[in-house]
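The structures considered in this document are given below.
Okay, so chain A shows up in both of these, paired with chain B first and chain C after.
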Partner chain A sequence: MHGIAKRLKLRSTYQLHLIVLPALIVLVLFCYIPMFGIVIAFQDFMPTKGFIGSPFIGLERFRYLFTLPNFRNVVVNSLVIAVLKIAFTQLTAVIMALLISELRAEWFRKSAQSIALFPYFLPWVVLGGISIDIFSVRGAANSIVQLFTSEPIFFLGDPGWYRVFLVSTDVWKNYGYTMVIVFAALTAIDPALYESAMMDGANRFKQVLHITVPGILPTLMLLLVLALGGILNAGFDQVFVTYNPLVYSSGDIIDTMVYRLGFEQGQYSLATAAGIFKSIVGFILITTSNWMAQKFLGYRVI
Partner chain B sequence: MKHISLSYKIFTCFAYAFIAAIMLITLMVFMHIIAIALSAAGPAGANIVGLVPIDFTTESIRQAIGDPMIHRTFFNSLGRLFLGVAFNIVMMISVAYPLSKDNSRFPMRNFYAMIVLITMLFSGGLVPLYLWIKQLNLLDTVWSLVLPNGVPVFLCIVLMNFFKQIPADIEDAAYIDGASHFTTMVMIDIPLAKPAFATVTLFAIINHWNSWFDGLIYMKSPSLYPYATYLRMLIERMDRIQSIEDIENLINIGQRPLMMAYVIIGIIPIAVVYPFLQKHVKSGLMLGGVKG
Partner chain C sequence: MLRNKFAATISLALAALLALSGCAGSNSSSAGSAPPAANPAADSFSETPGSAAEDGPLTPFPETVTVRVNKEFNPDIWYPEGESICDNVMTRFYEDQLNIRYKLVQEIERGQYEAKLNLSIASNDLPDIFYANASQIYRMYTAGQIQDQTDAYEKYASEKVRGELEVNDRMYLAPAMFEGRIYGIPCPEDFSLSVPQVWVRQDWLDDLGITDFDPKTNEDIYELARTFMDKGKARFGILLDNGVGNTFSCLNTTLRGLAHSEGQPINIFYDDGTGNLVWSDIQPEMKDLLKEMQALYREGMFDTEFAVKDYSKAQEDLAAGYVGVYINPFTVRGPFAKNKQNQPEAEWTAFPIPAQADGSYHVSAESTCFRWLVVNAGFEFPEAAIKGQNLWHELWQGNHAEYFHGLNEGEYSQAGEDFKLYPPFWFDPPMKNLRQGEVFPDAWHNRDRDSIASPETRKQYDRSIRYFEKGESDLYTGWTNIHLFDMAFPILKKVYGAPDNILFEAYTGPTTDVIANKRPLADQNRLEWIIKFIVGNADVDAEFDTYVSEWLAVGGQDVLTEANEWYKNK
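On to the complex of A and B.
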């Protein structure tokens, strides 16, 4: 028996290397090689001269980037929008999951979950089309607004309202997915805990407070930690599809600026520098949050 | 046996009403856009259409379906979908199967795992990738939509975790009977992982159908766009009234039913696979390791 076990251990692995090879080639070609493309952030990149021929200018582009008047604004917008989205998505998901789990009717719980999850799978081009229609001045949202006041609200044209629009539509799209994760955490709680709490005379509210909430807390922390890494991803797709110059002051984010610099103005070096700035912040956040998750929750995310 | 207090009963009633209201709002959003698409341009533009069509007409739907661009972009979408999903599946197996072996059976496992995971952490960013695709002469080809997202790392992890659950004894038995790694993979592990393949394939399909940004930057002519990118182009031209002057000019008011018809066409394929998708979401999540 021992002999067989040893032979299994020493079994040749060359076929495993062969199987992994195609994926490695694709990763090298389309992930690793483009990583070296970041050199253009340190160059005065000219498309005609290419990566090799363009002259190096050091950190000049970064210096220029930080002095751009709207750069600070864009970073602040990204942070504010992302934090609001994370907070409200999680809050909505938890409240909805707790409420739905209290309900007895199986069909009702199931259909509520199905309806809540559906928008998650729609892309922002579709939801953008819908939300622009509904939140435009002659849209359904303003029909409701006009029940209370005669002044229409420019959801897509007023900087203040635009953020409300971004956060609320994003929560509507995404809370269903977080809710499914919270449900999974709920079902993992040992039912015996509730039974003994009931024996001790705890009412439903106390059970939720002392059993359910601590039970799902690790999951929530984990989601939060994961979200921290993407804190500068304020949702390129959504903003790109719905924004316009009137709301740049409150809605323009790093990614949309990178797009405009790179693809509309052809400032490849500057756009790459902005992208690098975002990657560095994201990397620092994801490693610290991973470290925190490991230290405080005993969970290795990566 | 269980005593249910009156206050809890009242609470439950409120909870039912509240959840029902929230779900109704979501349903009403979709009913509203369907109603607009099926209404005549006049009432839709005047914003008097609620949840039922006014002056019912399928004119806008027919006009959208008759658009030659929709045929072309739909065809482009299908092309990238079939090619892209097939490519994704091959790549997912290529990553998931070897990495599902533990370190003692495949000593290089952790090294390869790191190579794969690093791509999740770092990227060169949009512009370098674009310039590289351009240099490879892949612009305006379907490969620019297939290759850069060829290895979906998250889905690879889902599949890998499923492979890990298959008891190693089965493989050992096959090995003693003379099967190679490749034979075991094809004859045993892949057939056993069918449910996991259903999950990751559905996600890969949704990803490809929903992607629009890659089409926008890699395709120069709209006739090469996938449908989602075409939809984005139409939305960009959509009427978004932002100021009083715009209201007075009443730009594109007649377009409203037509726009919603295009939007609905974009939803239909997702709505069709949604029942299957939903079933797999839960299992996919658990397998992916996002657990408490």
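On to the complex of A and C.
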């Protein structure tokens, strides 16, 4: 009886399964099968022998990676830069979304949203050159700085200011995208809640605090958990197009190091090892943050 | 075609005559060493086979050999209708002369050659004959992907090619040699790519009425740079970049130029006199130079932001006319032409860098060979590589040069300097420009075209004549030829005494894994510290030792050990 029902169900839904099939095949082909390639991180990979014939050397590559003199510095840089970027992007996006949503003129709201989103679509190769000009000693940013102090700030050459430069330009470029998601969450909040709050005498600020913020919190958690997975992605292209020898100490990140070691010199095993290291850290963070979101906020993301 | 057939017929006849008279036993080397003759019939005489036994440097293969090659595609290169990157007048000429047909199996996006070749090495999908850099050669050698070319080289390399490539104790061959065997044919560039001169804006000198500028000390250079700034000509004194983006950055050549008077080499390994190799930039003598640079930075001699500007960014400042003193090798064509475009009044003159205390010159120079021609392990005809290079040399500088440069000035003038990229592979004889610099000045000043023997030099002479006397707007070659052949190379030859007085990079060993892995780390550390010292983020006296120990720790020590081991067993 049970089996017949199941078969009947399949008969009526097989078209849907067929529709999913190509996507599944592509997923397996391009996302799961290439994962076998990670074995080269544990091998003395020789191209001629391929990854079936190359000898296994265990964790040697990881040991080498961890003993690289600037590895610790590079990991710390990646973490600091990525955390700052995540925090400030989310914060800016939420604040801007709340402010813009309070606007009355719809045309202004819409255009502000589009303008905020626009830089998200520009690649860093283009923005890098523009931002270097803006933040140079003779640039626009420094003409503002010089209204307050006489000394210009060396944004791109001072290790401390370089991080400020990285985070602020990245926030400017990317907050629009997060903001659009927050807007979507805002529209999902039942307007009746606001009406009843108003009847109870809550002012605008109280409404935001007790209705809007709890209402978008699940979405924020989702964004945060997903962002944590990429915590060691401090933004390769941005750093790569803007860094220079003066700021290696505060701006060199795992990806730029892997690029120099792995791709410029063709050390695939080492580059793979670094990639696996990043994935493992991301995996641990994403699972723990998901677990914490579930435990403390009662919200399940994944 | 007709001329070639005619030449071949005559030479066959002559060769047969020789065979009859019993002189055919001469080996291939005597064929190559025959003095170059003006008459095409006579020169192919010595190099065309009379019999199978006489298999010389330019003997065609009996059967057509197909060579699979890869090529970097450059969309700026002009080809006439019906010709392409791998089927053009030059590849046809190679097929005609050597019976080699080149088949393009991989076309590589411009600027991606090394990265794409790394992928080809990883997937073991290599062409038959191709360029590779030193660390790629080491990797392919250890993996058995390329073959020993020693026998082919010894047997077929023409005397002319040997003369160009085997200078200075085979320093160009050495990085691609393992256990005494040759695995790559060097494709070097001019030897002096890193040897600086002091370039100065001549029109500013004229405007300010300075006629006696002739730098004897570094202070003379600074004094002039200050004058240019004070008089409102220049925005900053001396051009500097952050050492990124070009093998021979402005930073290194400027350091080299200013360090010379104190006898300090820059960015090379050299023998300290005890049979040990040492690394120049961690020597205590560097301290004075770095302090000097720091003081200059503080007074505003360099762009405040030079540390942010890579090679091409800094060149933009030169093109914009912000600077009038530029310590750089002869490689000024592009930057100067752009400057002249922006400021038509711009004129540049070269002066020698200040001499050492005793008046002598020992300028340090980095290696200028970045790639070698290697042969796939599975390829049957390794001699196709060296034979191709022999023919290239004949085209570029030798017996076919009239034909090559004639085409370049005639039907193929639209291709310009890129015409040398028509053949499958090319290299620039490292000392060739020096030789041009010996002939060019007199011929140029006396307007005596006939005194020039080399067809290439004559081509450059013609271009300059067209620029200066016929008003052709060829800034890139016509105008800048004067800088190269009338200024830079005569200085190199007469003042520096090149190549004998040049202190060449002493480590010419293979780029082993240790060096390939550790050298970039050490180099990055060096660059970071040098810039920190110059901009004053670090105190030279207090922190120089920290720099040295850090440099040694991040990989410098490993590189030094490896280099010395090679040097002792050399």
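Quick note on the criterion: the second predicted complex is superposed on the first by the 239 of 302 C-alpha atoms of A that agree within 3 Å, B and C clash if a C-alpha of one lies under 4 Å from a C-alpha of the other, contacts with A are read in each partner's own complex, and residues count from 1 in each chain.
Heads up, the rule we're going with is that contacts are C-beta pairs under 8 Å (C-beta built on N, C-alpha and C of every residue); 3 or more make two chains touch, one makes a residue touch a chain.
Fair warning: this is a prediction, and the values are worked out from it, not measured in the lab.
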item	value
Contacts of A:A23 with chain B and chain C, given as first, second, both or neither	first
Partner chain(s) touched by A:M46 [first = chain B, second = chain C, both, neither]	second
Touched partner set for A:G157, first chain B, second chain C, both or neither	both
Contacts of A:F296 with chain B and chain C, given as first, second, both or neither	neither
Contacts of A:E102 with chain B and chain C, given as first, second, both or neither	first
Which superposed partner A:F66 touches (first chain B, second chain C, both, neither)	neither
Residue contacts with chain A in the superposition, chain B compared against chain C	B
A:Y248 touches, of chain B and chain C: first, second, both or neither?	second
Partner chain(s) touched by A:F56 [first = chain B, second = chain C, both, neither]	neither
Touching partner for A:Y259 - first (chain B), second (chain C), both, neither	first
Overlapping contact positions on chain A, where the chain C interface meets the chain B interface	47, 50, 132, 136-137, 154, 156-157, 244, 246, 263, 268
Residues of chain A defined as touching chain B within the complex	4, 8-9, 11, 13, 15-24, 26-27, 29-38, 40, 47, 50-51, 96, 99-100, 102-105, 108, 111-112, 114-119, 121-123, 125-126, 128-130, 132-134, 136-140, 142-143, 154, 156-157, 172, 177, 180-181, 184-185, 188, 198, 203-204, 215-216, 218-219, 222-223, 236-237, 240-241, 244, 246, 258-259, 262-263, 268, 271-272, 275-276, 278-279, 283, 286, 302
Complex contacts: residues of chain B adjacent to chain A	2, 5, 8, 11-12, 15-16, 18-20, 22-23, 26-27, 29, 32-33, 36, 45-47, 50, 90-91, 93-95, 97-99, 101, 104-108, 112, 115-117, 119-132, 135, 147-148, 150-151, 172, 175-176, 180-182, 185, 206, 209-213, 217, 228-229, 231-232, 234-235, 238-243, 246-247, 253, 256, 259-260, 262-263, 266-267, 270-271, 274, 277-278, 281-282, 285-286, 290-292
Of chain A, residues touching chain C in the complex	46-48, 50, 68-70, 132, 136-137, 154, 156-157, 244-246, 248-249, 260-261, 263-268
For the chain C and chain A complex, residues of the former touching the latter	114-115, 118, 121-124, 135-136, 139, 143-145, 242-244, 304-305, 307-308, 310, 516-517, 520-521, 524, 527-528, 531-532, 535, 537, 553-555
